[in-house]
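Each structure below is given as structure tokens.
Across the two complexes that follow, chain A remains constant while its partner is chain B and subsequently chain C.
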Partner chain A sequence: MVNETISYVENGKLCQFHGGLILEHHKCESMARPLARPLLPDYLRVSLRLNRGNVSKPVVDVGDKVLKGQIIAVPDTPRGVYVHAPTSGTVMEITHRPVASPDADLAPVVCIRPDGKDQWTPLEPVEDPFALDRPTLAQHIRKAGIVGMGGAGFPTHLKYQKPAELLIINGAECEPYISCDERLMLDYPHELLTGTRLLMHAAGAKKAIIALEDQVGGVRSVLEKIIQEKGYTGIRVVKVPTIYPAGGEKQLIKVLTCQEVPSGGIPMDLGIVVQNTGTAKAVHDAIILGKPLVDRIVTVTGDVVEEPRNFSALIGTPFRHLLKLANTRHEKLHRLVVGGPMMGYAMPEDGIGIDKTSNCLLALSEEITRHHGPLMPCIRCGECVNVCPQELLPQQLHWYIQGGDLEMARQHHVFDCIECGACAWVCPSQIKLVDYYRYAKADLRYLDYKKTKAERSRIRHERHDRRLERLKAERAARRKRHARRLRDPEKSSQVIADTLERLKAQQPSAAKNDSMKTTSQDKRQAAVADNGSSNNTGKDNALT
Partner chain B sequence: MGAISLLALVFGLVVWWVSRKFRVEGNPLAEQINQILPQTQCGQCGYPGCKPYAEAIAKGEAPINQCPPGGEEGIKKLADLLGVEPLPLNDEHGQTKDEDMVVKIIEEDCIGCTKCIQVCPVDAIIGAPKHMHTVIAENCTGCDLCIPVCPVDCIVPVPAPLPASIQRPNKSSLLNLVEAAGQW
Partner chain C sequence: MKLNIESAPHIPRPVSVQRVMGLVILALVPALLAHWWYFGPGIILQVTLAVIFALAFEAAMLTLRQVPVKPFITDLSAVLTAILFALCIPPLAPWWVTCLGMFFAIVVAKQLYGGIGHNIFNPAMLGFAVMLIAFPREMSNWLAPRDIAIEMPGLWDAIRYVFTGGLSASQTTYDTLTQATPLDAIKNGLHQARGLSEIRSQPIFGDFGGMGWEWIANWYAIGGLFLWRKRIITWHVPAAVILTTIAFSLPFYLYDSDIFLSPLQHLFSGGLMLGAFFIATDPVTGASSPRGKLVFGAGVAILTVLIRQFGAFPDGVAFGVLLMNSAAPLIDRLTIPAPYGGKARRHG
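Showing the complex of A and B:
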């Protein structure tokens, strides 16, 4: 299968994925202005949680002075990554605050007040990284706190546990409004290519493809010129048709290699690693410059933003700060979205800090926010089936979930849904289909957890019962043995003599004991002592 | 006639052999029922654990609506499996809790009497005589059997901890959507 993939890539032919949408671009607004580096904000709010799950443990205390790039939290599982201070300053508080995740729920955050010096800790670039073996390079990536910067935030080092054949650098930003990857490719082509080569080395891949959308101008020639000048081998730049969601990992693989990631599988099953352009640059910064991931490029745009542009912002910069720098008309702001208009999530407040995965801040007015008219019942028109890029049956899933039959939803591959929102976009009944799938996935995960817990309880209970049975049988056997010995006159006199001698030996210590013990307690202690298993309690209150 | 008798004998032997070869130990129905029960081992059903209750249901001795931790969902699944009508939960056996609970020992108050250790059906409490005990929260089923036996009332129910990657979704928000669609 791998050979097939590679031969396909060599041919340079492209495939098509099923469905998809052609959307208005809205990228020119933010691309018209150059990348800006914002001034330091009043505070930085750094989330210690990855997008789903693992929370890193803070290693700083409130009031501590930190330097830029200093580790402020360490992971306690191999899946977690390190978190670094984005600038130098003082730790103000370590608490739970809403973070830039889908439901903006509470997660541990470290708030830092910048001291204005932006002073780095001593940097430790990796010397001669191409001579390192793959696991060491992956560990360096983990140390630098790098996660997938396209949106899902999957810890990058986990993708390099097995060698791969092909690396795909995903520069196909298919969602409208977002232009941070395009900006990055134009402004940092050298860094991007070095990062790509490092990732190829980490994956053991001989080939890499940098994928762009065909509406993006100028990037391909820049990249190809550098590739030619420096004589990099194995890296190709490919333009893919601009169809939403061409930038989805599975869709991009389909377009570039004509292969489908198996249901429930990952790209590694095909020998492919997909990585965002931002991640490639972060890897360059981490390995070549020794700088951990402390900033990222964020697009700030939307119809109430007067000067939409891209910012190279520190992780944890509050939304408010960036919106102000981009001249947002706050009075008209109706909805603040992190991510694009299709897959982004609305934020309840603008004090939240940007995360490693926040690629875009979208400030929209009431007029442009799509009106969800009255919800109407599904009419089974099948439009959603036509656009689903994962070839699922969205309306059928909707029926199962509405009817509470989550197991049927699972059988119809609800877990393969990439939540791109194409089905909800075309639904004439305005059904928020993606909400149903998110609910079903979360509930199924919860039910599975309950099931494994029940199974564990069952096993523990059975062991518990077996142990009680065994103890009962052992006690009965001991009693029987004892009774048999007492029946034999010779042995019984020996047993009696032994017991008396033992009691005599215990007499002096027992005399110290107070005589307030009740008879029943004394009897029990005597029994304990008699069994020969005299533990602490037995000795303390032995017979008086 | 002879041929038919011979055939009958041959088939009889085949049936006998199959019944020997594919014999299933235990009661497979009781096993299936036990898979549905929540394995809380709380005894609220009136049986000393989930398995005895499953066996009683399989024999037709117990109704299917005596398991509060399983709730309506559990009753529905049992009804589906057994091909009977779902019954409403029998209140005499208790109410279904809204949230998953486990217990916690208030450690300052524990006198180390080991009574809770002895009643815990899943060995989720550790401790020694006259030493403080504690609950292993991830193994606790929330059966609450230890609460009444504690002489100093130092065991309290608390919400069950979930792994960070698992969140129980809010069903009501989805139901609102469904309702809105229905009203139209």
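Showing the complex of A and C:
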């Protein structure tokens, strides 16, 4: 299987995934202007939560002065990553606020008031990183707070626990409007390639593919020139057809390798690691420059933005700050989306800070978001089946979820849905199909959780019962043995002597305490045993 | 500032149920015109009547069900049902046939099941089948096609006949106008133990199917290809219906061509092309997966051929479709496709 991957990669053959959409690009608007570094905002609101729910613990207090790059929160699980201060300043508050996550729910945030100096904490670049072993490199990546910057926010270091054959750098941002990846590849090609080589090293991969959409101009030649000049081996730049969602991890793997990630599996099952371009650059900054992840490139665009462009913005920069710098007509702003128009999520307010995963701010007017018809019942037209890149039956899923039959939704592979929104986009009945699938997945996960929990308690209870029964039997046997020995006059004197001996041996230190403890323990055990036995009888009755 | 927090997609595509239905109606226009050419203006009258009855029943039922009338009455689904029904009945069928047919189509088959998207049976076919069973005489009085008709009824004749049942004005009797359909002729002929070659020598037969009928069938096919190009339908159902009809009828035909119809006669007679492209492709009542659609189409074809050949009715498309409608949920259950990344698991 692994060999197959490599042969496909080498002969340059591309495959197609099922369905997909051809969408208007809308990337030129924001690409027309160069990358800008915004002025420091009044405050930064840094989320301590990863998208997967891992929350890091703050290690600063309100009023503390922090330097740029200083650790402000540490993870309490191996899955978590560190969080750093994006600029120098004062911690104003540590509290719960809405964050840039799908439902904009409350999560712990650290608010920092910049002091305007933007002063770095002493940087610690890694010396000779290519000589490090893989786990150490992964730990450096974790220490720098790096998560997947394409949108899912999966902690990067977790992808390097096993060696891989192939590294794919995903520069094929397939959603309309978002151009931060293209901007990054054009403006930071050296950093991107070095980051790619570091990630190859971390993965133990000999080969890497940097995937681009065929509609981006110029990037490929820039990258290939550097690869040639520097003599980098194993890195290829491949253009893929611009069909939404070609930038989806599973779809990109299919296009590049003609293989499918097993249902329910991860790319590593094929020996592949996929990483966003932004992540590769962040790895470069972390390892070569010693700078943790404190900023990212964000596209600010949409039909109410007068000067759409990309910003190199500090993590935690409030949306409102960037919208203002891009000259947004606030009176026309109807919907503010983090991410693209297909998968992005609308934010309830513009004071939320950008997250490590926020690739785009899309400010839209009411006209552009308006539906083209009333909400109607599903007519099962099947266009959703034609476009679904995961080869599901969206209309059937909708049908069963609407009817409350979640188990049938599971049998129709609802967990294989990648929530790309292609089905909802083509739906003539204007049904928000992805909402149904998210609901079904969440509910099924909860039901499964409850089921495993109940199962676990059942097993625990049975073990408990068995243990009590065994103890009871043992005690009964012991009593019987003692009674027998005491009845025998010869042995009884021996038993009494033995017992006295034993008591004497125990006596000198803390004997009293010990004996008290034993008695109390005995009492408790006896009580439990009684309970257990009554439970048991109850159960036996129930069984019979 | 109040921001709207509706979920994605944030830039909806300009499609609607109305547009889908509108395109299907548009695809029926060529065949409608061909029908007019071959069988006179009766079809226009029937379409008008059917649409009026359909909308009236739809509006009444929506009001009774206490759902908003406007979005559902303007979705064109009732109009499409009406046109499909009108295309299936004789052009001079009495007005009450159309009215009753629409009652069963819209009220019984569609609204009582919960309206658009919730019906189990194709409304037009259910209306047609009820009328065919209840009023076989009215439903089999077809007109002779233009090329062999003694005279064509004008619009005024059509209106008069449809509403009053009389044709006094031009002194024409109804019998000079009407003629059995080719499939009727075959059924009757076979009953009288005549061979197909003898039956087919009657003037109502054309090159493959019935005179006029075969051209209308061509226009159905062309309309269907338009729908396929527009991605309103997929190729699966029409291909399955047509290929299965050929494959299933060919052995019979080769066995005895004097009793069994040729595959081409099957394809270009009666409602088969209409069924293949416009009826069996109805997404609400059909199967949903590509594989399921192939099974569904094949089932319609097999049932149609069997009914035509061995059943009591000359044509079997409507019954074939209705029977397969009832099988569609089962087909769906048995043909859940393997998703991306699920094929290896299924085979291995």
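Definition applied: the second predicted complex is superposed on the first by the 459 of 544 C-alpha atoms of A that agree within 3 Å, B and C clash if a C-alpha of one lies under 4 Å from a C-alpha of the other, contacts with A are read in each partner's own complex, and residues count from 1 in each chain.
Just so we're on the same page, contacts are C-beta pairs under 8 Å (C-beta built on N, C-alpha and C of every residue); 3 or more make two chains touch, one makes a residue touch a chain.
Please read all numbers here as calculations on a predicted model, not as lab measurements.
Residue contacts after overlaying the shared chain place A:Glu455 against chain B, while chain C stays out of touching range.
By the touch criterion stated above, A:His18 is placed in contact with chain C alone, chain B being left untouched. In the superposed model, A:Ala442 makes contact with chain B only, not with chain C.
More residues of chain A are in touch with C than with the other of chain B and chain C.
Touch criterion met: A:Val55 reaches chain B, while chain C stays clear of it.
Contact with both chain B and chain C is seen for A:Lys432 once the two complexes are overlaid on the shared chain. In the superposition on chain A, A:Pro78 makes contact with neither chain B nor chain C.
Within the superposed three-chain model, A:Met376 lies in touch with chain B and with chain C [touch as defined at top].
Within the superposed three-chain model, A:His464 lies in touch with chain B and out of touch with chain C [touch as defined at top]. In the superposition on chain A, A:Gly218 makes contact with neither chain B nor chain C.
Overlap of the chain B and chain C contact sets on chain A: residues 374, 376-378, 429, 432, 435. Interface residues of chain A facing chain B in the complex, by the touch rule stated above, are 49, 52-55, 105, 374-378, 401-402, 429, 431-432, 435-436, 438-439, 442-443, 445-446, 449-450, 453-458, 460-461, 463-465, 535-537. Every residue of chain B that touches chain A in the complex is listed here, in rising order: 34, 37-41, 49-50, 100, 120-124, 129-130, 138-139, 141, 162-169, 171, 173-174, 177-178, 180-182, 184. Against chain A, the residues of chain C that register as touching in their complex are 1, 3-20, 71-72, 75, 77, 114-118, 231-232, 234, 283-284, 286, 288-290, 332, 336-345.
On the chain A side of its complex with chain C, the touching residues are 17-18, 104, 176, 250, 254, 260-265, 330, 333-337, 341-350, 362, 364, 366, 368-374, 376-383, 385-386, 389-393, 395-396, 411-413, 416, 421, 424-430, 432, 434-435.
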